[in-house]
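Working notes, structure below.
Going in written order, the chains are labelled A, B, C and D, and every chain counts its residues from 1.
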Amino acid sequence: MLGLNKKDFSLLIVVAALAFFAPIILNIFPKDSALSFFNGGYPDLMQRFAIFGIFAIGFNILFGLTGYLSFGHAAFLGVGSYAAVWMFKLLSYNVVPAIILSVIVAALFSVVIGYVSLRRSGIYFSILTLAFAEMSYRLAYSVLTPLTNGETGLQVYTNDPQILKGDGPSVPHLFGLEMRARTELDIGPWEFTFPVGYYLCAVILVISFYIAIRIFRSPFGLTLRAIKSNQNRLRYTGMNPKPYMLTAFVISGMYAGLAGGLLAAMDPLAGAERMQWTASGEVVIMTILGGAGTLIGPILGAGTIKYLENVFSKMNEGLLHQWFSFLPDFMEDGVIWVVSKFTGEGWHLMLGALFMIVIIFLPGGLIEGGQRLMNAIGMGKKKDEQSNSAKSEPAE
Amino acid sequence: MGSFILQILNGLDKGSAYALIALGLTLIFGTLGVVNFAHGALFMIGAFCAVTLSRMLSLSFEEVDPTKTDFLGQPLVVKTPYVYDWFGPEAGAAIIDWAVPLAILMAIPIMIAIGFIMERGLIKHFYKRPHADQILVTFGLAIVLQEIVKANFGANPVPTPAPTAFQGSFDFGIWLGFDPNIIIYPYWRMVYFAFAAVIIGGVFAFLQFTTFGMVVRAGMADRETVGLLGINIDKRFTIMFGLAAAVAGLAGVMYAPINSPNFHMGMDFLVLSFVVVVVGGMGSLPGAVLAGFLLGILESFASMNEVKSIIPGIDQIIIYLVAIVILLTRPRGLMGRKGVMED
Amino acid sequence: MSAAALAPVLQKLYGNERSAYHLTADYTWGWTQQESIQAATEALGWKTVNNVLTPLAQTDFSSYIAPVLNSGADVLVLNHYGGNMVNSLTNAVQFGLREKQVNGKNFEIVVPLYSELMAKGAGANIKGIVGSQNWDWKLEDEGTKAFVKSFGTKYGFPPSQAAQTCYAQAMLYADAVERAGSFNPCAVAEALEGFEFDGLGNGKTLYRADDHQCFKDVLVVRGAENPQDEFHLVEIVEVTPVGQVTYAPDHPMFAGGELGQCNPGA
Amino acid sequence: MGILEVKDVNKRFGGLKALSDVNLSVQENTVHAIIGPNGAGKSTLLNCLVGKLIPDTGSVMFDGKSVLGRKPFEINQMGISRVFQTPEIFGNLTVMENMMIPLLAKRDGAYRLHAIESIDHEKDLVETAEQMLKDVNMIDKRNMHSASMSRGDKRRLEMAMCLVQNPKLLLLDEPTAGMARADTNNTIDLLKEIKATRDITIAIIEHDMHVVFSLADRITVLAQGTPLVEDLPENIKGHPKVQEAYLGEAH
């Protein structure tokens, strides 16, 4: 169906269902229960799941398929955001032209940066992409301030032209449908929020995912995997790896631009910090955490990181005391001392440790972890062979 | 002319920090074939060795002085460092004053130990893994190390001054026949440069003139063959990792007075030092040192008003620009060997 | 604002005939800060020798500081904040600028805006450096005393201005919500427009309706030469009354543009 | 006129003269072996044919067109496929996927963006690949991860990948190097079958005389970068110059 085989189609359905029902699934705990702390179903976080999911899907097309590790993809996300906000400033708050332009601008940037960076491979490629991204970041903060509004961030002012605005809303909207509009649904102790902005992101996420599946299964995707495997053989087989690499680079750059455009559509503000190399590092972490080269891994990785970031960073000591109050005092203090190092402000420690554990023990990411778990409990033994060839292609 | 000389001095000094870090990175890469993204963190830990020692030396006992009050209006608690009590106030003050140079003694064993633990506990499992995995696991380690330091020392920079004897600056200009105040340079930065030169010279001499070093150099050139000769190259490589960690750590100890150490300083240097290594040529020790000084000097020139007025913002991007140009024109960096890290 | 507060003190301390060399963090905050301090000092009769922009990501400022002495300037103004300021000030002192004599005067360093946290990061280098602050725990009013007492009892050290700001803002917000009778951001904004209050330690404070700027007394401080303990890093030189720092809402340099319409969100 | 004409090719590496005045003519639909002691320049010559090296002087014409200055993928597109000394395959891919790449290259050229249609829908290519796998007795391994196969199987797969492109010229670089006798014989049988069933020219570089004399129609002996003799196999066997060259190597 839709040009997919049965297995891929069911994967797409799963992702679509997860995306569609996320506001319910993520708010599974009743709002007054102690566990409601772990709910992630608020609009801002859900939008981030979807947007960074798109970013990671795109990054995976480059890194997962070809093995080229770019340390500068945040630059494309950044220019995507700037392009979108410029569209808001010049035309109107309608998100459609903004998102389209963000993809186009990111594509142009990635053609230039990709063309130069792809002249080298291995760590040299990584350093080149890193250098370009750092240059973009630093210039956006300083010399390019007329274009980027520097550290204040690019935003829409009332005296901006907005030539197509007319009587339209003064917030980002989709042909009049405001991004921040939402429907709330109370069922007994549960409370669910269905935001418009999230659903726009979710629909785009599902489409992006669908396109990614098609790319993975296409002759182009196969060629990219062949590039990762043996460029030398590929050249003597009559293919020119360079344009394939560049295409993959540009496609992943466009995904990043799309993610940047969506970030701006959710909150019409674009800042240079989105382009810093640490932001590029984040998408690498997401992709690998989930499982580079797998279809669904990057989405999982993005979701996991954004969820942990939100949940762990808001755990403070007061909350921990509440939770561990059942322990005897001396143990409570000990446990809290340890846990507090990994939560709240210390959540980066948790991130670093988690990331190390995944790289050491699960080079295939969470997906591999899931598969091993399935195998361990005797399920999916049969599926293993199939999924090896069809789905999971660990980082290397 | 004066400002030109001044910026060369600046560049040499900046370059010594880059060169020291890049040297350690290259030792690890050249011998073990591992790309260590946690190397910046080792530099940072070195700087915090200086902080720790100066805090340990300042450990104090408390006495209540009823004649004075503190900010809440309660009797003032006066803290006196134990060293004052043991050695008398003057000698005690001198010891605290010399905390940073003394920290070198403390840092060497600590850094070597950290290097050993890192290599045996983590890195050795990654020799056969792809470079991307090495980069990523050491990146994770760098985050963990810097977060541990942040949890213990806070997020703010910790001022760690040089000994009083080395504070202030020296007027080079007079010495070279210029007017006063034209070419001045801080004493401590000159110490740093000299220190870097000694360390770099020491490492090269060690590799050049000891049998140990010869084996390691041979191993850098062709690991398998040396392994076949029945030499336990792994053990030597562990030692090399310890040595590289010590070089990074010492670079950090001595850097503490130049910029107050903070938990993030490793990451700040990491990206730069990778650029330095790549520009020098992965796996080439002289390349790393040369590129360190070259980039330091170029960075200093780019920050000159005369240059900035022609190309605004050039100081923001000079390092990266140079890196891109060198990588495109000399694919293996300035002194890189063929076939290193190209897959 | 800090510039307007600082200028009279600078005049008193360093006279009218000074040449200033500016190092400015290369981003919007740095630019505006530099612009206002330049205007204020030039009004005193100071000359501006040079203004050099430094990258925000810079950690070692030596190559920017090295040419200062040779430029003929006798004052270095560091328009840096946070980590930038800690490092640039540390570097400047390393270069021995404060021990030098230029044009027959002692060379001086000015940091227009700094906080205790930054002073702590700069350590001994902050000694004698003049700058401005929002608030300081050594103020003598009742609000400050009460806050310092309860904060100091709980944490064992006096509150920083950041702590005071957080506390004061939370109080103000709570009060505004109460007065507005609503959490609606527009209602809260309206409750704060033109609101004037006192007693939180900052003296009489006004949230001007025209441009939503906050006006209050500004402290001019100086790094203590011989701090009696680790908490007395800075000493208050002067409290510049609010009247001296107030400017017209349409002041060409500070005008923030129109406020736009309030958007209550979803 | 042969299908491959090498004229007066010279190649130096610094002070070392790797090839001097090499002339070689490979006739269509023959097996032409190039033999010679170590360091005779066989690999250098091969690399000049496939675009990895460019000769300092001379010309290399294939099918009436010069290959000089062309990149390896362009030369492959002209109809030259190459088998390496150690099998070069796509280790991350399955056997079937390995087969698809050369077919795509053959049909679509050096670059064509096919990013949407599934590879499984390329029915024609899949059939061709399956037929080829049947021909080399590998059809039962079609879904195997190619990196996990034996060296012999990898060699066969690589050969299949080259043959499936229907090249005009197949270059074999010591195809039996490091193989056990049984595997070597299998390879010889495979090559014989290819020779019998296809219109194909094969140029083979080989050490193993057994292989050479089982297959070759003509043999060129290379020593110190220069062709010594070119003749029929039976004439090569007892040729004094050849013996000298090989004995010279032994000493």
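Please note the rule applied: a residue touches a chain if its C-beta (ideal position, glycine included) is under 8 Å from a C-beta of that chain, and two chains touch if they have at least 3 such contacts.
What you are looking at is a predicted structure, and each value in this text was computed from that prediction instead of being measured.
Chemist: For the interfaces A-C and A-B, which has the higher count of C-beta pairs in contact?
Modeler: A-B
Chemist: Measuring between Cα centroids, which chain is at the maximum distance from chain B?
Modeler: For chain B, the chain whose C-alpha mean is farthest off is D.
Chemist: Averaging only over C-alpha atoms, locate the centres of chain A and chain C and give their separation in whole Å.
Modeler: Taking the mean C-alpha position of each chain, the two centres sit 39 Å apart.
Chemist: Averaging over Cα atoms per chain, report the distance between chain C and chain D in Å.
Modeler: Centres of chain C and chain D (C-alpha means) sit 76 Å apart.
Chemist: What whole-number Å value describes the gap between the mean CA coordinates of chain A and chain B?
Modeler: 34
Chemist: Can you compute the centre-to-centre distance for chain A and chain D, using the mean CA position of each chain? Integer Å is fine.
Modeler: Centre-to-centre distance between chain A and chain D: 46 Å.
Chemist: At least two partner chains per residue is the criterion; list those residues in chain D.
Modeler: Residues of chain D never touch two or more of the other chains.
Chemist: Enumerate the residues of chain B that touch no fewer than two other chains.
Modeler: 313, 316 - these are the residues of chain B that touch more than one other chain.
Chemist: Specify, in ascending order, the residues of chain C that touch 2 or more different other chains.
Modeler: As it turns out, chain C has residues touching two or more other chains at 26, 53, 55, 57.
Chemist: Would you please name all pairs of chains that touch?
Modeler: The complete list of chain pairs in contact reads A-B, A-C, A-D, B-C.
Chemist: For chain A, which residues count as touching chain D in their complex?
Modeler: 3-5, 214-215, 217-223, 225-226, 228-230, 232-240, 243-244, 247, 251, 388-389, 393, 396
Chemist: How about chain C: which of its residues touch chain A in the complex?
Modeler: Contact set of chain C toward chain A: 26-29, 53, 55-57, 257-258, 260-261, 263, 265-266.
Chemist: What residues on chain A touch chain B, complex-wise?
Modeler: So the residues of chain A touching chain B come out as 67, 69, 116, 119-124, 126-128, 130-132, 134-135, 138-139, 142-143, 277-278, 281, 284-285, 288, 341, 346, 348-349, 351-353, 355-356, 359-360, 363, 395-396.
Chemist: Help me check something: in the complex, which residues belonging to chain A touch chain C?
Modeler: That would be residues 138, 141-143, 145, 149-152, 157-159, 170-171, 180-182 of chain A.
Chemist: Along chain D, where are the residues that touch chain A in the complex?
Modeler: Residues in contact with chain A: 50, 71-73, 76-77, 81-82, 84, 88-94, 97, 100-102, 104-106, 108-111, 113-122, 143, 145, 161, 165.
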